[in-house]
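Each of the next two complexes has chain A plus one other chain: chain B in the first, chain C in the second.
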Partner chain A sequence: GAGAGVGAGAGAERCPAAWLPALQLLRRGSKAVTRHWKAMHFQRQKLLALTEYLPPRPAVPPRCLPRHTPEGHQEDGYVRVLRRQVEETLRSSRMVAVCQYNSMADEDVVTLRHFLRKHNIHVKFFLNEVVRPVLAQSKYRNLLPLFVCRNILLVSPETRAREMLRVLKGVPQVNLLGACIDDTILSRQGVENFARLPPLEASQGQTVAALSLLSSQTSSLLQQGPAHLTALLDEHIRQLREAGESTEPPPGQSTAND
Partner chain B sequence: KKMASKIIVVLRPVKSIVVRFCPFEPNVESTRKFLQCIYHKKIQATNTNCEVTADVRHDGSEPVVDVTFADGDRLIMKGANLTTGEMLTALASRCNAKDLKEEQKNKKKNP
Partner chain C sequence: PAGPGGVAVPRAGLKKLALPPDYSGITFPEKPKLKFMDKVPAVPKVRREPRRLRDIRGPSQVATDFTQGQYGILALGGGYLHWGHFEMIRLTIGRSIDPKSMFAVWRVPAPYKSVTRKSLGHRMGGGKGPIDHYVTAVKSGRLVVEVGGRCEFEEVRPFLARVAQKLPFPAVPVSRESLWEMRREEEERRLNNQNPWTFERVVASNMLGMRKYLSPYDLRLKGRYWGKFFLKHRV
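Let's turn to the complex of A and B:
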């Protein structure tokens, strides 16, 4: 009675005037709000199926349309700052070593930084995309193929290759790939040879000695003849003096007449 | 495709890995990435006895990965035309096969 009446009233609000059932059975089975999933009324199911959202599909799938290449993105201010930093670093250092960086524990990184800092070598991390354009325009053009995958730069205003190699030998995760020392691009072997060179003063002394060796040899060669002659004459005089004190010294006169 | 850094390799049957490449050549990228992935701490943690050596040359030779296993087998991978993922999956499959063989041998020994 009451349920059917309420149903008819609510039905009048929901349905349009054309379709109004005489009686609506609402209290059928369970209530509206249940603890289990309640099966939808068939009409409700039909309505929902009809009004399902179908996304619009273009006639040609978008992946078949010609794709326009992304225009050159505006240069980020941050990237510009980083590039300026790279230029500054490269300009102020005599030795630039490029190493491959495989993941290391953080404390190892700090220890490595500490030991290299003792020899005035700075460890720099740069992204490849930042460094590559800077390198392409500077004199380090030939180091470009080194900059793939993760790298670190060891820069220093001095050229202490021996200490750097010794520190890097203790760190297997950092592999030296190449370096540019005093505007000379070196491979790993080059760096090792450079480290084995004697210090500058010793090599300067060696060069001076090598250069003066020839001239000293020449002078000794030139002096050999007269020196030999002088020695022979001295010996002769001595022999004559020993032989006879009384006889006049004929060799002195005979040489004077020549 | 799976990212190369997500491939986990169990290095237990591996004795040593030598990665040889010439960094000034253009075809070394996958080999260098392989070296980077091998040095990841998870993979290093699977076998701390495994010695990974990087041999940096300048003679224009191809990039080569030389893996020596504990039972004497050797796996040589020429990385010039391989991707990192392929090299890692090849190594991982061989390591797993060797591990399985080891386990079966141990089971046979101690039933």
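Let's turn to the complex of A and C:
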């Protein structure tokens, strides 16, 4: 049958301000806890619909605001070590050549390294993301556009461009992009021209010769007059001697008064 | 990523070496596998007890947090677990964990509540039926089993999800972090709810005489529970 629960007495202690129903609905058959989803009273459904969660709506939606890239990017110690290695390499080498590197077989890489090592050129592989910040802060800023794709660095403490070009000509997978030799940035043509230059000693000798050309000419210039006179007199004496031998002048006539 | 000229430039960045996870603070129990649970308690009940479905209703006050393990199964609804469920859990988890490096622990007691059934095909009346089997009551928000050891959540989650699906109530595999995250999100929702009318407020001050249609338990349950069901979407 229908049960009427009187809840007024028990509830009044809890919320004295509100009134409590004298009769509570307990007419329907099933108990409070059922295996199936018990149908709710319509008023309860209305109450649940009214008291649903409303998410906050800011005036500017967050997707319109600038997105912050995650800060606090901890720099790896490994990255720092690599950067230090790059700086060390750049500092200790006179010639730095940047080449595009396409995939080669391992033994080809080893062979290339071997041939370049014979000319004291070291092959270095560095990651772009490590090299770019180092270059941006050093004086090699203008080499930055070269470090885009897969590349290798050929570094050497001496500038032997001719041997390097000869070796690289035999390796089609490695193409020279540019180089920085003695703090001078050179393009591919520049490197080829540089390679065609004579070696340092010969050019030094040429410079010394060109500089001392004038001073070597001075002594000959000064002696030009007397040398010319001496040559003329020698010629004259030779002519007289020839004339004297041919006509056999008398000894009396040779002492002619003039 | 496309480079200049539309040519794809392959990018392989620096490898970020992550440290292996640290399992130093984990203590293994003596028996890593789940204990066998009896069908009938050691002292079977003589007196047949009333149904008392209120042990299913509402949130759980016991076993809501982790004790030994890192991962577990959280019940998101109320229900009864009988011996078949226990065996399923024990065998599935026993098959899936490696007892040398992982362990599992029960967070529910063995079946203690007697359930009576009348024999089939009889009319109503004739007294209460005899005891048929025993069950364990589980309320929402309770952990059923806990798994721990030298393992990650991603390794444990597949088989815990399979076990959770077979339980008679909705359940999810959780880890310590994910449970904390769940609670935090719930709290956040409760705080930044823009609706000025909340169930709690309406019931507590009996606005519009709503308590005529609601139960006195709704004061405590606050509209999040309906029978044995847990309404997750409600704030």
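Just a few scattered comments:
In the analysis below, the second predicted complex is superposed on the first by the 144 of 258 C-alpha atoms of A that agree within 3 Å, B and C clash if a C-alpha of one lies under 4 Å from a C-alpha of the other, contacts with A are read in each partner's own complex, and residues count from 1 in each chain.
Here is the rule we use: contacts are C-beta pairs under 8 Å (C-beta built on N, C-alpha and C of every residue); 3 or more make two chains touch, one makes a residue touch a chain.
Bear in mind the structure is a predicted one, so any value in this text is a computation, not a measurement.
Of the two partner chains, chain C is the only one touched by A:V33; chain B is not.
Of the two partners chain B and chain C, more chain A residues are in touch with C. Of the two partner chains placed by superposition, only chain C is touched by A:Y53; chain B is not. Once the two complexes are overlaid on the shared chain, A:C149 sits against chain B and chain C alike.
In the superposed model, A:E129 lies in contact with chain C only, and not with chain B.
When the two complexes are overlaid on their common chain A, residue A:N175 makes contact with chain B while staying clear of chain C.
Applying the stated contact rule after C-alpha superposition, one finds that A:A105 touches chain B and leaves chain C untouched. Within chain A, the residues touching chain B in one complex and chain C in the other are 148-150. By the touch criterion stated above, chain C contacts chain A in their complex at residues 3-4, 9-10, 13-14, 16-17, 53-54, 56-57, 78, 189, 192-195, 197-199, 202, 204-206, 209-217, 219, 223, 226-229, 233-235. Residues of chain A touching chain C in their complex: 7, 10-11, 14-15, 17-21, 23-25, 31-35, 37-38, 40-41, 43-44, 47-48, 50-57, 76, 78-79, 82, 127, 129-130, 148-150. Residues 100, 102-103, 105, 142, 145-146, 148-150, 172-173, 175-178, 187-190 of chain A are the ones that touch chain B when the two sit in their complex.
Of all residues in chain B, only 23-26, 28-29, 32-33, 35-36, 38-41, 52-54, 56-58 touch chain A in the complex they form.
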